[in-house]
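Across the two complexes that follow, chain A remains constant while its partner is chain B and subsequently chain C.
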Partner chain A sequence: MDMDVSSLEGGITCIRLRGRLDAPGADSIGVKFSAAASMAPSRVVVDLSGVGFIASLGMRLLISSARNAKAKNGVMVLFGATTMVHDVLEQMAIDQIMPIVASEALALEQARAPG
Partner chain B sequence: MEAILEVTRHLAAPFELTALLAEVTAAARRVLRSERASVWLLDVVSEELVLEVASDIRHVRIPVGRGLVGAAARAGRVVNTPDCYADERFDRSVDVQSGFHTRCSLALPLIDHQGTMVGVMQVLNKRGGVYDADDEALAEALAAQCAMALQRARMTAALIEGEKLRQELELARLVQHSTLPRHWPDVPGYDMHGTFMPAAQTGGDTYDLALLPQGLLVVLGDATGHGIAPALSVLQMHAMLRTALRLGATLEAAFTQVNDQLAEVLPDSHFVTAFIGLLDVCSHRLRFLSGGQGPILHFKADQGRCERYRATSFPMGAMPITRLRPAVEVDLAPGDWLAVLSDGIFEYEDRDGQALGTPAVEQLLAQAGGDTAAGLSARVLGLLREFARGAPQEDDITMVLVKRLATVTAL
Partner chain C sequence: MGDERLHLILANRLEALEPARQAMVAFLEPAALHAKVLFKLELVLEEIFLNLLWHAFKDAAEHKVEFTVQLQADQVTLSFEDDGIAFDPTQAAEPPIPASLLDAPIGGRGLKLLRRTARSLSYERREGRNRLRVAVART
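Up next, the complex of A and B:
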């Protein structure tokens, strides 16, 4: 599992993931991902376009990070999910915890919106 | 030699460390005609020697290298000191603490059979003189026996600890299994079956099938991961739910209450996905709420296909519910199935890392017209075995199957 972190305008953190977000994948990026997602001001967009598979432990990582961001009055937005990953996220009603949008532009718009 | 053999016999008996060390020091005093004997064990983490057995002083720690004991540890050989107060390595502080006057000392490293130094044995004040070469040889033989006995005592302690852990896990497994229904409710017109196969000794899943005043309760819960922590989370969810429903709560009230309580008590990053349904066995209407548990499959016999339902809300305990979405209502027609399966089934990976997925299960449901619920459960497990081609089970396998019978057999 690969992960790139970049800082965008407006204090937004962009995390790009590539690979399988299953148990080993979540393990390999867990600490780095949580740390990046909690960087002040906790406005985070996550690019899932390179994630081909997501399992429950990967979901747990996303949920706990989104929850932490929310606790700091921040937000975490997912974008670019493949059909398979989007389907799994929807099955588990993850969209009720964090927005899931199609494109990076929409994700940035949501992340910039006042909380 | 006789004295050493006698000591060997004495040291063969005790398996407990304290008793063993008491035997060692008693034997050393006797064999080497000494006023005092003590055993210091090496703490490899802090690189200190810890005084384990002495009658008048306890809890003394010295760095390896300090004093005569430390010198024996560092050198890895006998340090024979005929006049301690004349030797600059001698550490007088222990005498000061104990009030004992050390005249002469023989300190020997305890080396186990792998050549590792595990501690130091020290005898003090030989009656009627100082320690000579014969005493050194005798002491070395004694130290070798001690080191072996010491290692045996430590291995025994580790085995006992391992056994205790195994027993605790077994107890946790029994507690978890005791919360699962032993028999399915006997509901005319329905056939049902629950299956739970944990990946580890304790699992993070649970299920329930129980006839309550509110209807037939159908539950499948799955705390992420497996082992004791998720098992406790899922047991907590199950117990809260049963209590709420027994107190007459509606599906919505019970779901919200359990979710919000879990959000309060579960540690960060712990959640439980749960399907909670109540089936009115007279009207055949199922109402359910699902926290992160999906897909939920409803096989429609008249159409020969499955309807998939997603979770109605996020995994339970992730955060408090501010606005509960309405429960899903499903009418079960004759021949229909409700299949709630844990992700341990849908996500079971074969040897190439491919997950089983939902369509394979739906296909099986489409061919299950004549199956009993237990029969379909067996077929799902068979499908998994065939699909896995020997790939190991990584997650708990749990399923609850409810079938509305096509015809009710009169008893």
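Up next, the complex of A and C:
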């Protein structure tokens, strides 16, 4: 699992993931991902366009980091999920508890909106 | 024509998961299943195997999990057999859907994911062993 972190205008952190967000994948990036997602001011967009698979441990990582961001008055927005990954996130009602949008532009818009 | 099967013995260690997944994918490759079906099968394998790792064995000894992939005309059936503590995923309660992110539990989604993914689930406890069969439709 590859992970790339960049700082965007407005204090937004962009995390781009590539690979499988399965148990080994989530395990390999877990610490780095949580640290990147909690960088102040915890306004984070996560690019899932390169993620071909996700299971419950991957969701666990996203949820725990989104909760940390929220607890710091920040937000985490997911974008670019492939159809299969998006379907699973929807089935698990993840879209009910954190924003999941189609494009990076929409994600940035949501991340910039006041909490 | 009889069903085709892949039978593997897996150690109860996380490192056993990826080789098992790869063996399953290689076994199913000639069937040219839709990517969505393979995704579901990988989900089932991962959720059940992790559940076994975390909950089935209370000692530190190595245990063996028998894993079988059965390719049938209209479905693929994954079977798991182990000597862990009795657990029937067909009967276990699902956590409720949380109202907000801060109410949402971090984990506990595996069972729900399994039920949403499988066409059918069957469980039996026989001679001190768990036998779980999970079918995923080929279409």
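Please note the rule applied: the second predicted complex is superposed on the first by the 115 of 115 C-alpha atoms of A that agree within 3 Å, B and C clash if a C-alpha of one lies under 4 Å from a C-alpha of the other, contacts with A are read in each partner's own complex, and residues count from 1 in each chain.
We take it that contacts are C-beta pairs under 8 Å (C-beta built on N, C-alpha and C of every residue); 3 or more make two chains touch, one makes a residue touch a chain.
Only a predicted model underlies this, so the values are computations on that prediction, with no experimental measurement involved.
Overlap between chain B and chain C is detected when the two structures are superposed via chain A. Once the two complexes are overlaid on the shared chain, A:Ala23 sits against chain B and chain C alike. Judged by the touch definition given at the top, the superposed model places A:Lys70 against both chain B and chain C. Look at A:Glu90: by the touch rule set out above, it reaches chain B but stays clear of chain C.
Within chain A, the residues touched by chain B in the first complex and by chain C in the second are 22-23, 53, 55-57, 59-60, 63-64, 67, 70, 91-93, 96-97. Residue ranges of chain A in contact with chain B, taken from their complex: 20, 22-23, 53, 55-57, 59-61, 63-64, 67-68, 70, 90-94, 96-97. Looking at the complex, you find that chain B touches chain A at residues 222, 224-225, 268-269, 271, 273, 290-295, 310-315, 318-319, 343, 347, 353, 355, 394-395.
Across the complex, chain C is touched by residues 22-24, 27, 53, 55-57, 59-60, 63-64, 66-67, 70-71, 84, 88, 91-93, 96-98 of chain A. Chain contact summary for the complex, chain C toward chain A: residues 14, 17-18, 21, 35-36, 39, 42-43, 46-47, 50, 97-98, 100-102, 104, 106-107, 109-110, 112-113, 116.
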